[in-house]
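Have a look at the structure below, then the notes.
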C-alpha cells in the first residue's frame, strides 16, 4: 500500500540531503554558472544551505512551518543574488502552505510545493522555456501531481518528480535564456545547462534519496 | 702594407652598419635586458640609432667631429635610460678627440675610442667586472691598441677589438652586477649576458664589417 | 588563481577590514557588511542607499560620503546583498525624508532590494523609492527578458543624485532626477581577459591570446561576441558606435567615463580615452566632463567600458558640486 | 600581448593624447612629452620637476598640479627621459626661485637628470638642486653598487615637498626637506605576475602559477627571490618585516602607502592593507595617514608594494595641505 505521509524527520532529512548534494556539486554548479552567468551559483547555494543546516542544528524544527520558514528566511538572508530570494521564497511558501503540522500527506505536500513554485514565479516572473529553475520545478510538480492522482505513494511521486525535473533541466540546454543573468548573452546562452534548473533538480534528488527505500 | 686611415665615408658606414646590427638584434638585446633589466635595451638602441641615421641622411657629415657630435647628441636626446647618456657621451668624446678632420689614422682613431671610453667611465663610474658595457669596451680598446702597436692595419686592429669585445661580453655571464639596473638583482644577475656589453660588441662588429675586405 | 587574498571564502570580510582601516571617513558595519558615512548627515536629507555584489570596487562602498551615498550594502563577490542588509542600511539612513534605493538591473539585485523595501516599509514605515539602472547597450532590451544590465551610469548617477540629495531636495524630486539620469546614460564594455571569481578559483571564461570579448558586463559573464584582438582605435569604435546608435548625444553636453575593469593599467585607459574622445567629437558630441580610471570594476579583468551621459546645465552643476568619498573627491 | 594600444612604439604618445584630453587642468607639451600645470604658479615659487620612464602612471604626470609638481617629463616606457626633456621642463618652471629635480635612483635617471641640470645651469644659469630617492629595501645598499632603487617614497615626497614649495619656501629649504623625506621612507614590493613591456611584446619574466616574486621594483625586473604563492597575511609579513628592520618607525607617526602595481584590483589592495596595518600596529607603528590604490605602477603587473614614511607634525601638516592633481586630490 502507498505510504502517504512525510514527517518532520524526513522533511528535515530532505534539507540535510539537499545541503549535501549542493555541497558535493558546488564546483559543478559554479562551472555551469561560469558558462552563462557569473560563476557563483555553487558558492551561493552552498553558503545558503550550510547556514540552513547550521540553524537546524541549533534548534531542530518540530513543525513544517517552522522548518521551512526558517529555511526560507535563512536563504533569503545569507544567499543574495537571484537564487537567494527565489529559493527563499520557495521555502517560505512551503512553510505557509503546510502550516504548524508535524507531518503532511502526499496531497498537502504537493499543494505546498505548488505554493512554493507560485512564489518563485511571483518573484521572478519566469515562464516555461525561459531557461531558469522554473523549467525543472514546473515539470517536476506536474509529474508529482500526476503520480499522486494515479495512486502512487509520496515516495513514488517524488521519484517521478525527480525524473521530470532532470528531463526539464536537460531540456534547458538548447534554450535561449530570457530571464536571469544568462539572458544578457542572447543566442550565446544556448547550448548550456541552466545552473538553477540543475540545483532545483538536486532538490528533488534529495527528496528521492530521503524517501527511497520507503 | 697596413691600411692606416679611416675616412669620413667609412666612419659614416660604421654608424649605418651599427644601426643595422642593432635593428636586427633589437629583440635579442631586449630579451637579454628582460632577464636582468627592464626589457628595453633593444628598443632604446634601435630608437637611438634609427634617429642617428635619419639625421645623417638629412645632411651627411663631412668631418669626424660633426659626424660623432651629431651622433652623440642625437643619442642623448632620443634614447634616455642608461644607454642614452653612456653611448651619447662615448660618441661626443669621439668627435671632440678626432676634431674637424675628414680622416683619421689608426693611432688617432684609437685615441678617440679611448676618449670615448673615458667619457663612459666618467658618467657611469663603471669598473672592470661590474657587468656593464665597460667589460666589452675596455678589452676591445686594449686589443686595438696592442694590434696597432704591433704594426697591424686599422682593419686588423678593429678585428682584434671585435674578438676582445666578444670575449669580454661573454665573460660577463658569470659576473654579479655592481652597476646599472642588473645590480638590483644581486646574485640573481649571475648567469646572464649583459645587454650593454652585447650592444657594445655589435659596435665593434659593425666596425669590423665596415673595414673587412680592406 | 593568483590573488592577494587569504581564503577565497573570506575575501569580502577581509577586504572590508582593510577598507575600514584605509578610510576613517567611513564606518563599516562588518557584521552586516554595510558602509556608512562616519559622520552621517543631519535629518531632513533623503538617504541614498546602494549596494550590490562585491568585486566592483570602488563601487559601491567607495562612493559613500559627502555628496554621494549615505550607505552601501556589500554582497558576496558578484552576488547582490540580501534584503536584510539593505533593510538595515535603509533603516539607518532614513533621516525622516525617505530613502532612495539605487539598484543595478540584475534579477538578484532587483529582487533583493524589492524585498528589502517591502520589509523596511512594513517595519518602520520608511518611504522608499527605487531607481533601477539599466544602461548597457550590449544587451538587447525587450519586455520578455530581464532587460539591460546596469553598469557605468550607476557611478554618474550616484554622484549627481548624491549632490541633489545633499542640497536637501525632497524624495520625489531626488527619485525623478535619478530616473532622468538613468534614462540618459548608455554604456558598452569589452574584455581582454576574463576575471577570476575567488570562490571559483579559475577564470570564468577562456579567451585565447588573440581574441577579445565585446559587450561584456561587470560579472565576468561572456560578452555578446568574440572578435580578433584589435588596435585601440578599433576597440574605441566598437564601444562608441553602439552607444551613439542607441541615444542622441549631440544636442546637449555629455559626461563621459572611460572605465577600467580592474586589470588594465592607467596608461592604457588614457590611451583608450584618447581614441574614444576623438570618435565622440567627430560624431558631434560635446564632452563637458570626463572620468578616466577604475570606477566600476570586474575583479581582475583586463578591459574597459565607456559610459556616456546626456547632461544639461543642471546635471553639470550637480556633477561639479563637492564630493568627498574614497572613490571620487573634488571641490572639498 | 593583450593591451589597449595601437602600436607598441606609439604607446606613450597616444597615451599622452588621452591624458591631455582627460585632464584640462594640465597642459601637455606633446613634442617634448612634458606635463605642466595649465595655470602655472606665479613667480617666487620653487619649481618642482620630476619625471622618469613611463608605465608607472599616475606617476609622474598625474602628480602635476597645485601642491605637487610643476612639471613632469615622460620618458619612453621604463626609460628615463632625456636631458633635453628635463632641461626644457626646468627652463619653463624656473620662476626665479630655482628648481628642484626629484629623481628616482636608477643609473639612467640619475645620469639624464644630471646632464639636464648641467645644461640648464649652463644655458640659463638656473639654480638646480636634486634629490635622489632610494628607498627600496629589497636592494642591498653598498658604496660599490648603484645603490637602492627609488620607488614608493617618491609619491609621498612629491606630495609633501610640493606643499612646502607651494608655501613659497626657498630652494635650500625645499631641497633639505626633500632629502629628509627621502631618508625617512622605505619600500618593499612583490609581484604575482610579470608586466609586459609593449615594445618587448611578451612578459619580462615567466612566473609559474604557484610562485611569486618578492622584492621587485617597478620595471618588471625580477625580484630578490622567488617563493611559493602565499596567503595575503604571509605576503604582508614579507613586506612589513624588511621595511621595519631597516628603520625604526615606532618613535613618530607614520604615513603608509599600500600601492598596487597596475594589474591588481582594489578589493585585493584593501585586503592587503588590512593585513599590513595589523602587522604595523603590532610592531608599534602609529599609522597617522594612509593611501591605498595604484600610485606608482609597473604597467600591468599584478602585485603590490608597501611604503612607510617616518613623519613628524610638520610632515603631517604638509601632507594634509591641499593638493589638486589628477592622481591625488584633497583639501581643495
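Points worth noting:
First chain written, first letter: the chains are A, B, C and D, and each begins at residue 1.
The rule is short, and it goes like this: contacts are C-beta pairs under 8 Å (C-beta built on N, C-alpha and C of every residue); 3 or more make two chains touch, one makes a residue touch a chain.
Every value quoted in this text rests on a predicted model; they were computed, and no experiment measured them.
Chains touching both chain B and chain C: D. Taking each chain's centre as the mean of its C-alpha atoms, the one that lies farthest from the centre of chain C is B. Centre to centre, using the average C-alpha position, chain A and chain C are separated by 32 Å. Each chain gets a centre from the mean of its Cα atoms; for chain A and chain D, those two points are 55 Å apart. Averaged C-alpha coordinates give centres for chain A and chain B that are 75 Å from one another. Taken as a graph of touching chains, this assembly forms an open line, each chain in contact only with its neighbours along the path. Which chains touch which is summed up as A-C, B-D, C-D. Listed in rising order, the residues of chain D touching chain B in the complex are 9, 53, 75-84, 106-108, 111-112, 115, 136, 138-140, 144-146, 149, 197, 199-200, 204-205, 217, 219-222, 224-225. Those residues of chain C lying in contact with chain D across their complex are 2-7, 11, 14-22, 54-55, 57-58, 62, 192-193, 209, 212, 229, 231-233, 235, 258, 262-275, 277, 287, 290, 292, 294, 297, 299-300, 302-304, 329-332.
Across the complex, chain B meets chain D through its residues 30-31, 34-40, 42-44, 47, 76-86, 123-124, 178-181, 183-186, 188.
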